[in-house]
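Look for chain A in each of the two complexes below; its partner is chain B in the first and chain C in the second.
On to the complex of A and B.
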């Protein structure tokens, strides 16, 4: 059967649209990555001459180094706390029926719809009213709130995929509920817990909006330090930092994917 | 050996002369899920070393009953005893039962040996003894040499053996089997059935086996409890279930049955006489005791209890062969006998003679060649 010209036109326009979308997805990253290699101290695309000196500056600029370590501290604490707290809540919501269960779940997932600047602003107001300083605990607290929904969801999905007959088998073999938890349930949830932790860590490490409100000069994380830098300088250091960041994150995700099967966990819908 | 403490006790004269204490006993156990009645007043006594099968279609309550015995569910009413001890409210981990699930439920993060050792560790058995008993259990299920494998490295049949070893190594008071063969392919299923039955007999472990497969039930059980819609319909030995089904559900669920239109002719003592056309046959009176002489009855006849004779022979029903199905060892004939039966009649003729003697379209006579006929009050074809 011969295709009508209209069909052919539709088919080709579809292909062009898909190609355009893919291009626009990649475009910002590509532009920034190329700009990072500019020799001149301006952000320019495409560069006229080439150099690696902005990468050197990205590593040697002391605010960035400090921001990196601050960010790492906040990320490790916030993700770890969120994994413990979020998993406990996910477990309760998945396993038990109780009054206000849906309400509790709603509250715990609400940071998904509350903007980060609201979280930041709210915590800042509370902190100044109560006289709590803008130290690490405050930043970590803000981050826990924001990453909690993701950790909960990840644990919840793992619980959905866990065959409860394994726990029944263990109990028939004489294991107490506590023993089952530590010998069967938690070992089998570990991939889910680790991937939840990893997502929390990536989100936390990248978080800027709320952190801007709740951090100080002493506790500023890398994204905040970058923001402060760009207010003073317009050279390609940030572009270089972006390239480093993308490479590191991609590497981590690739490793995580091959060990944990991240894609598999993400593709399963919880509800 | 993995023997329980002297399983022969049950067979010694003094044990049988006394009333044998049931290994498992259910007294009027009821379980509801919301509005639906999953199990309605189940009464059941299982003898020590007995292989008891719960047979029924899905949703009949057999798995609920198993879960109640295991302690995975709590009964709404009634009491459960294991080995004479009241366990109705005992948590699962204190009931000392072994269970094999349909999907085996092996711990995927543990080796075969660790899986089998799990129940011994929870009991605080010392390391040497664990190693010895794990080896013994592996030998019992013919998997010596597989101790260090992970479950995912095993075939379905091997996984099932591990699950069985894991359940038996703790010397359970009762072994529960939840449709353990349904995930296996047909050839393997047969050999695993023989092996399981052999192990069960050797150890003398009381076993409750849940299945929807009547073939499995008939071939493996000491007794069968046929269940439907949350109720136990009949508890009896396999041949009794097959020959003397208690109601029309059991008659149609276990084995094939033809339903012929009959009439109650006479009641005398334990038996009743029913007629189908020119044929008359004796049946147990119990199921139709409430009917009066002359009432219509449904007469259930197994396909292998019918045979072919000449059209018009005395004591025969007229029929026409509509389909022949060659089954290897026997021939299935589908016969149109409208008037005598509402549906086509299935006749199972041994050997291959019927292939040539009863071609499609042949007008034949049907006779009933067995005493194992039952009749029930008329109803829907179940």
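On to the complex of A and C.
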């Protein structure tokens, strides 16, 4: 088919617009990467001389190392608890009608729209009133609340795609409900549960606002440690840490994309 | 036979989490109507004083500021995310698709602090943009971009882009392409096809993306705090200051109640405003 000049002009302006938007999205990452190799302690653009010292400092600064391990502890616990609790609940709302079903679902999905600081402040006040203290269980609870909606959604989608005839077949062959659950339903749900866990883990590892409220000096996670650093120091250590963050995340996502198909996980694939 | 096996086992853990969340929200409500006793974490008796104090211009202005910033952020995010989502779902090149997907999704997993920090380097007085503008001779002294609401909005748009791209792409990818093909075969031009078919059919995604962007921005704390540097007052920065600098938790609680109510109201309003559009998309 022959295209008119107007169509061609439209296509090219579309391409230029998309390229400009991608530039906007990429710009901060590129700028941060360049400043991470700046030798001077003052943020300056472009850097006058180059060095790797900020990477060294990012690794040796004890608050970051501690924040990383704290964050990992919280993330593993919170996303594992969220997957068990969230997928069981998603199963129940997908299959059954029961008292308070919609109410419970609404409550558990509400962290999607309740501002994170409200949740954080609420859990903090609750802890101080009941004398629970600002330990790891409190931070983990806050994270479970935050990531639960995402886990529920991902399990729910997998349940929608599950072929229930397989369960019926197992049942007609005499399998007990418990046996069906562990040998048919859960194995079929594994991909959905895994992607739910991964998504929850990434969100939990990066959660900042609510964590700022509920964590203490002893339990602060990496984002909180980074926030405290940027308020105290102006050197490019955080730029170096950001570069590590960006590289690790982009690598993980590229691997996830080539093995699992990110488009499928995020439900954006064309049909 | 039990027709609902494991119901109790499956629902009660979630019920416990929900109970904890409800208790936390009730704690905020309860604190918001208590008197503040300076110098202690204890709270006094019942009072409406916290809510009355919010009528003072300082706080009223912060609310107005926050709504305005969230609204502008959501509008700009939509305008920038739509072309990306459109290209993502329509391009035939799988390399370009992967590239856009990775580039637009990676920031989602970087967290607010890393992304805000990178914008501090872009916008700072010795930062990337000012250096560029000075070198090009477009300005003779650095523009002040840090500590302005413009700077805050630029960074917030960047922070909110990924989720908007994902939601728009999900909506766009579920549109039946035959409608567009039919319009094309009847002689409609690309702009007309877009305006009369693609755009209306993607309306549910636009509404969902817009309200999510609004809620996320409303919740954002690191960006207005670090880029605004205390000079751009938003609800979230005020709550933090009140809670952790003056330990006035009752007032912080009442502010966050109003913040919650405001964000729910705006989202409900958006849904209501959008429902005729969605109906249109459903019937055409």
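Just so we're on the same page, the second predicted complex is superposed on the first by the 239 of 271 C-alpha atoms of A that agree within 3 Å, B and C clash if a C-alpha of one lies under 4 Å from a C-alpha of the other, contacts with A are read in each partner's own complex, and residues count from 1 in each chain.
What we mean here is this: a residue touches a chain if its C-beta (ideal position, glycine included) is under 8 Å from a C-beta of that chain, and two chains touch if they have at least 3 such contacts.
The structure displayed is predicted, hence computed values, not measured ones.
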Fit or clash between chain C and chain B when superposed on chain A: fit
Touching partner for A:32 - first (chain B), second (chain C), both, neither: second
Larger contact residue set on chain A - chain B or chain C: C
Contacts of A:191 with chain B and chain C, given as first, second, both or neither: neither
Inter-chain angle, chain B to chain C through the CA centre of chain A, in degrees rounded to a multiple of 10: 100
Lowest inter-chain C-alpha distance for chain C and chain B in the superposed arrangement, angstrom: 7
Overlap of chain C and chain B interfaces on chain A (superposed complexes): 177
Chain C partner contacts - residues on chain A that touch it in the complex: 6-7, 10, 14, 17-18, 21-22, 24-29, 31-32, 35, 42-46, 84-86, 88-89, 91-92, 95-96, 98, 104, 107-108, 110-119, 121-126, 128-129, 141, 144-145, 148, 177-178, 181, 202, 205-209, 212-213, 223, 226-227, 230-231, 238-239, 241-242, 245-246, 249-250, 253-254, 257, 262-263, 266-271
Partner chain A, residues of chain C touching it in the complex: 2, 4-7, 9-11, 13-15, 17-18, 20-25, 27-28, 31, 41, 80, 83-85, 87-90, 97-98, 100-107, 109-115, 117-122, 124, 126-128, 130-131, 158, 161, 166, 169-170, 173-174, 189-191, 212, 215, 218-222, 226, 235-236, 239-240, 243, 249, 252-253, 256-257, 259-260, 263-264, 267
Residues of chain B touching chain A in the complex: 70-72, 91-99, 101, 103, 105, 107-109, 118-119, 122-123, 166-167, 170, 176
Contact footprint of chain B on chain A as seen in their complex: 163, 165-166, 168-177, 179, 183-184, 187-188
